[in-house]
Structures are given as structure tokens and as C-alpha cells.
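Should a chain be cited, it is by its letter among A, B and C, assigned in written order, with residues numbered from 1 in that chain.
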């Protein structure tokens, strides 16, 4: 059982079948075809329904139309603009959550006093879905970027806090004893033993926090009255029945979500906890 | 003057069902460069006693002197090797694990790597200095742990069943290696085990402990020439004697 | 004994912390620096909550939300549980649905709300479908990996004791996969609960806890917002701890298949 399973069993295990190691080129082609065929089947069904005209074409566009819209919006620079604004908000909100979450989590793990102060608050605030705070934040801080970033940071910080706290508490007693017997003082014990020892949990927290930030940001953009952003783009497209724009936007949201989940911390983890054998990949 | 003196040491645990004596009235002393084994069945308080000597637990009665000074906590005059392979820091290579104590002492990087290399050579791991612990076998990890405990040159080496989790063949090999390391470094060693043959092979003197409460039953000197032959008649005699002491206790219980 | 005093001590400290935070909030609400409409006092929030409970409107909102979340969640279980089991047992089913699930899972469920509004209009259908989407994937993937991770020794042991396909399935595979299935249900409900609140804000009309919070923003009814937040937190807590907690205690914890909850 890996650490990640202990904290969350949900983060994509689904890539197992997608990533079966293929030896030769023939094998690789075969596995690519195997992965592609469900999409071909579903795509074909979609096309048949769309071309039969069962539903109004504005509401149920063909895949060619969606693809054409995707290309058109990309070439015009509209889609990249929306995506960049969204990513900027995500970075700001997540950075807030990461810094505050790691600091509070470590404080809670290290000091009884901090634990007594933060734990009751965290256990009351965290179980309420982050999105439920959206109207409150918009009311208090006004529509726009500030409230959006603040809410994304607020909502995604709890995963970071809880995992960091757990990680600091889960540092093996035997490491602490070994280090103490070798003469480590408190400061060096923290920097050289507790921090690296808690790292697998901290990474898990950051991953979960990032995923949460992404989920909530897309909705908040629909509500917060911002001018640009993928959430706003798909929400605004509703007014003009631009289903093709919406579906193109959903696809981009999915792709970015996938990249964030799979690759952002991957290299950092490979270089540290995976190399140290503290987390399986 | 003995190197380590243990005088009337007791430790009482507070548990929900009342106070339980873990160790009671234990006294003995260890000469410089002596190899002392503490043998006893599980639950006899031998590991507790070792943790008190290491300074991780405070005794509720009695005192321990090392070189005449009363100990009040852990210190760099003692190196500790535990049973658990996980004692190594997974985020440090074998070499960086061994340099840890030297780093705490503030020794320069070049110097500490030189010393650590020597120590790793002593435990025959000079080929694996750059490996991370999870790439090493259990026996190799315990060798790194020994090198790590020796590297900052403590005068005492405390070992808590370091080979108990290894397979029999590896354990034999490790015992030979430890005997060689001890001969070369001349540390004072306190070694806790429940394995009688291991005690006879390694020790100058064996302290036999019995449980409920943990007390010293007897001390048996082992005056066999080294390197010892585990199949010799004298060796087996010592082994029988130790088993008699332990078995008598088990019979009574 | 000492563990008990320890627990009492931490309860006391938690109470002190919460009282201090409440006092700070009350002080800033009464300080006059902020508009009372934006920062209502605690008695005001309490009165609002009480009034909404008394006139039944809070119950109505909660029931609507509950209906939508249970409908979507139930649908997700009905679809994902059998599908996940089939995926775990048959390579062809796995080969078809796993790539699709991996592609759809990274899309946040709430991103579909505008699309579903266009297709199904405002109201229940859209909300239920969004909840269904959110709950399906945790359920599906956990069931699938649970079935795959059933200890092969159990299968062999049951086989030597003469279990046929049917007995193997009901008496070995299902209980063996149950830690994952229950984890899946827990995560699915958590996702569903988030999704229903978000979807109601955008897609519901007139009823639902998510809608009432969002609607309260229009009229600066911060007290209604905070009162509804408390109800949302309470229902989430009841489900997480009482429903799934006792389900776990009655099954996998009794069998020693997981340690007690980490927190």
C-alpha cells in the first residue's frame, strides 16, 4: 500500500491500461489502436446522432463543427486568451493555498498550541464544499479577480493543511531517535529529518489541492463576472446557444485538468520521494 | 574504573490498568572495550534498558554513569543501531546517512566524506556509497546503520537486536563482520539479543535478564578464544548453560 | 485514564478556540466598521436559521437538495457498481470503458453545467445529471481496482473448497472488494455533495440549498447565506461520519480490513 493510497485512493489509477509498456513498434501501434477504438466507437455514435438531426444542430453539433470551432478560436487567439487568464488565476490561488497550507500544516504538526487553534477551525470549515462559500466571498470582496483567487486559495488549502499535518505527525520515531543520537539539535532535526520525512504527504496534499483548485475555479469563473476565463467562456456561450464553443471549452478544461493531475508534480516527485523509495509511481 | 556503570536502574510504566514495572533494580558495569550481551526472553525489559542507556527513556529510579558522568539524555558519546531497517533516512544515500553525525559535529564536507568512506569500507560496502537505502538489502542496510553509528566516533555502541530481522545465513555473516569491526575499533558494545548462540559468539560477558519485572538473573563470562567456532564443544557448553538459565525461568513461569 | 484526560483537554482547548473566534467575529460585526448586511451578528444568524427551520423553508431547500443528491448518487451506484465489477472481471469491458473513463474524469463535473442547461433546461434534470457525472468516476474506479485487487489466495482457497462461479462472486469477490467499494461510495458522495451545491447555484430555480445561498447574494442576505452554510456543513458531516462511518464499522472495520479512520 503506497502512501498515496492511504491518503486518497482516487487520484487517477486509470492510466494503468493506457500505459502498458509496449516493446516493439507493432506492439505500440496495437496498444494505441486498442486505446483509440472506444473513442472511435463513441465518436461514431455521436456523429450518427448529430447527422440524423434528431436534435437541433445548434444544441447537438457534429464533431467536425466542434473541431472547426476549436481551431478557429485557437487561431483567433480567443481560446488561448481565456485559457491563460484561467491558468493565471489558478497559479495565484494555488500558490496562496500551497504556502499557507504547508506553513499551517507544519505548525499544527509541530506545536500543540497551533494544533489546538487550527484543528477545530479546519474540521468545521473543511467539510463544507468550497463552492458553497462562493456567494459569501463575492459579497464580501466584490465580483472579480480578487474574490476568485482568494476563494480558490481558501478552498484548496485544506487538502494541503490536512496532508502536511498528517505527514509531519507520521514521521517515523526511529528517524528522530537516530538523528538525536547523532547530535541533531531541534532546528536541524526539523530541516534534515522532519521535512524530508513528511515530503510524500506534502506532495499528496499539493496534488489534491491543485485538483480542487481547478475544479472550483471553473465554476467560480461562471459566477464571478470576470471578462475572460474558460469557465466564463462556456457559461457565456450558453446565451447564444453556441454548443460547439462550449464543448471545445470543456475539452480544453479536461486536457488542462489531465496535465495538471499527471505532470505538474511528477518530475518533482520523481526527483525526490520516488527516487528515495518513499512513494511508488 | 569501569566505562559504564548501571546502578539500581528501574523504570515504571504508567498504563490504564495501573503502574507496571518494566525494569527493576538493574545493576552491572561494563569495562572499556568490553563486548557485553544482554540476553532474555521477549518482554524482559532488555530493549527498555538499552533505550534508557541510550537516553531515550528516563529511568524512574537509579542512575547510569558513562566515564564517571551521570547521563541525562542522548549524547554523541553513544552510537545506536536499531532492529528496524527503516532507521536509515530514505532521502539520503548510504554515504550521506553515514556522514549525518559528522555533519552535526560541524566537520567539513571533504573530511566527513573521507571518514564515512572508511567506515563503509569497514563494513564492506564501499561499492554502494551512492545507493539509496531502498536499493540495498536488509543486511546491507544494517551494515550502513552500523557504519553510521560508528562514524562520529562515539566510545559506546548500543545495538538493539540489529540482526533479528535477517535470514539465518545473512545473520551469520553479519555476526562475523561485527566481530571483525569490534576487533578493529575496540568500542565498548552493549548488544541486546534473544538469540543465545549469537550472544556466545559475540560477547565477552552475557547478562541474563528475566521478565515480570525485568531484572538481572545472572552474569556469565565467555572466555573463549576468538574467532570462535560455533561447533566446538566449549561453545556448545556455554550455549547450554545460558539456555539452562533462561529455560529454568521459563519453567517457573 | 491518561488518554481520557488527554481527550478532555483537547475538547476543552477546541471549545476555547471556537469561543475566541466567535467572540472576534461578533466584535467585528458590532464594531460598525462593516455594513451589518455584510457581517450580521451571530444572534441574527441564529434567529434567521431558527425562523427558516420553523417556517419549513429550510427543510424544503434541504429536501430538494437531498432528493437531487440521492437521485444522482443512486444513479451513479446503479451504473458504476456493476460496470466497475465487469471491468474488473473481463478484459474486454475494461479495454473499452477504461480509456473513456480516463478521458472524461479530468473534466470537472460543474464544467458541464452550462452544456446540460442548454440540453435539458434549468432544473432537476440538469442538477441530477451533474451529480451523477461527479459521483460516477470515483465509484467506477474504486470498484474496478477493488475487484482487481482481491487476494488471489482467497480465490484459490475458495476454489479448493468447491466454490462455483456464483459463490465465488458473492462470497469472495464482493466482500473482498468491499473496502474499495465503500471508499468509492464515500468519495462519490463527497463529490456529489459538492456538485449539487455548485449545480444548484447555476441551474436550479426556487429551491435547494445551493440556490438559496446564491439567491441570498442578490439581496445581501448574508444571514441566510451563513445559516444555509451551517445546514450544508451539518448534512455533509452527518453523512460522512454517521452514515458511511457506521457502514464501515459494520463491515470492513469489523473484519479488520482497514484501520480506524485516520483523523
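Here is the rule we go by: contacts are C-beta pairs under 8 Å (C-beta built on N, C-alpha and C of every residue); 3 or more make two chains touch, one makes a residue touch a chain.
In this text the structure is predicted, and so the values were computed from the model without any measurement.
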{"item": "Of all other chains, the one whose Cα centre sits farthest from chain C", "value": "B"}
{"item": "Chain whose Cα centroid lies nearest the overall Cα centroid", "value": "A"}
{"item": "Averaged-CA centre spacing for the pair chain C and chain A, given as whole angstrom", "value": "18"}
{"item": "For chain B paired with chain C, centre-to-centre distance based on mean C-alpha positions, whole Å", "value": "52"}
{"item": "Approximate Å spacing (C-alpha centroids) for the pair chain A, chain B", "value": "48"}
{"item": "Chain B-touching residues of chain A, taken from the complex the two chains share", "value": "172, 174-175, 177-185, 188, 192-193, 196-197, 199, 272-273, 275-278"}
{"item": "For the chain B and chain A complex, residues of the former touching the latter", "value": "54-56, 74-76, 78-80, 82, 84, 86-87, 89-91, 100-101, 104-105, 132-135, 148-149, 152"}
{"item": "Touch list for chain A against partner chain C, complex", "value": "6-7, 9-10, 12-18, 34-39, 41-42, 59-60, 116-117, 119-121, 123-124, 127-136, 138-140, 162, 166, 214-215, 218-219, 222-223, 231, 234-235, 237-238, 241, 243, 246-247, 249-250, 253-255, 257-258, 261"}
{"item": "Interfacial residue positions of chain C with respect to chain A in the complex", "value": "10, 13-18, 21, 38, 94-115, 117-119, 138, 141-142, 145, 180, 183-184, 187, 193-194, 197-198, 201-202, 209-210, 213-214, 216-217, 220, 222, 225-226, 229, 232-233, 236-237, 240, 262-263"}
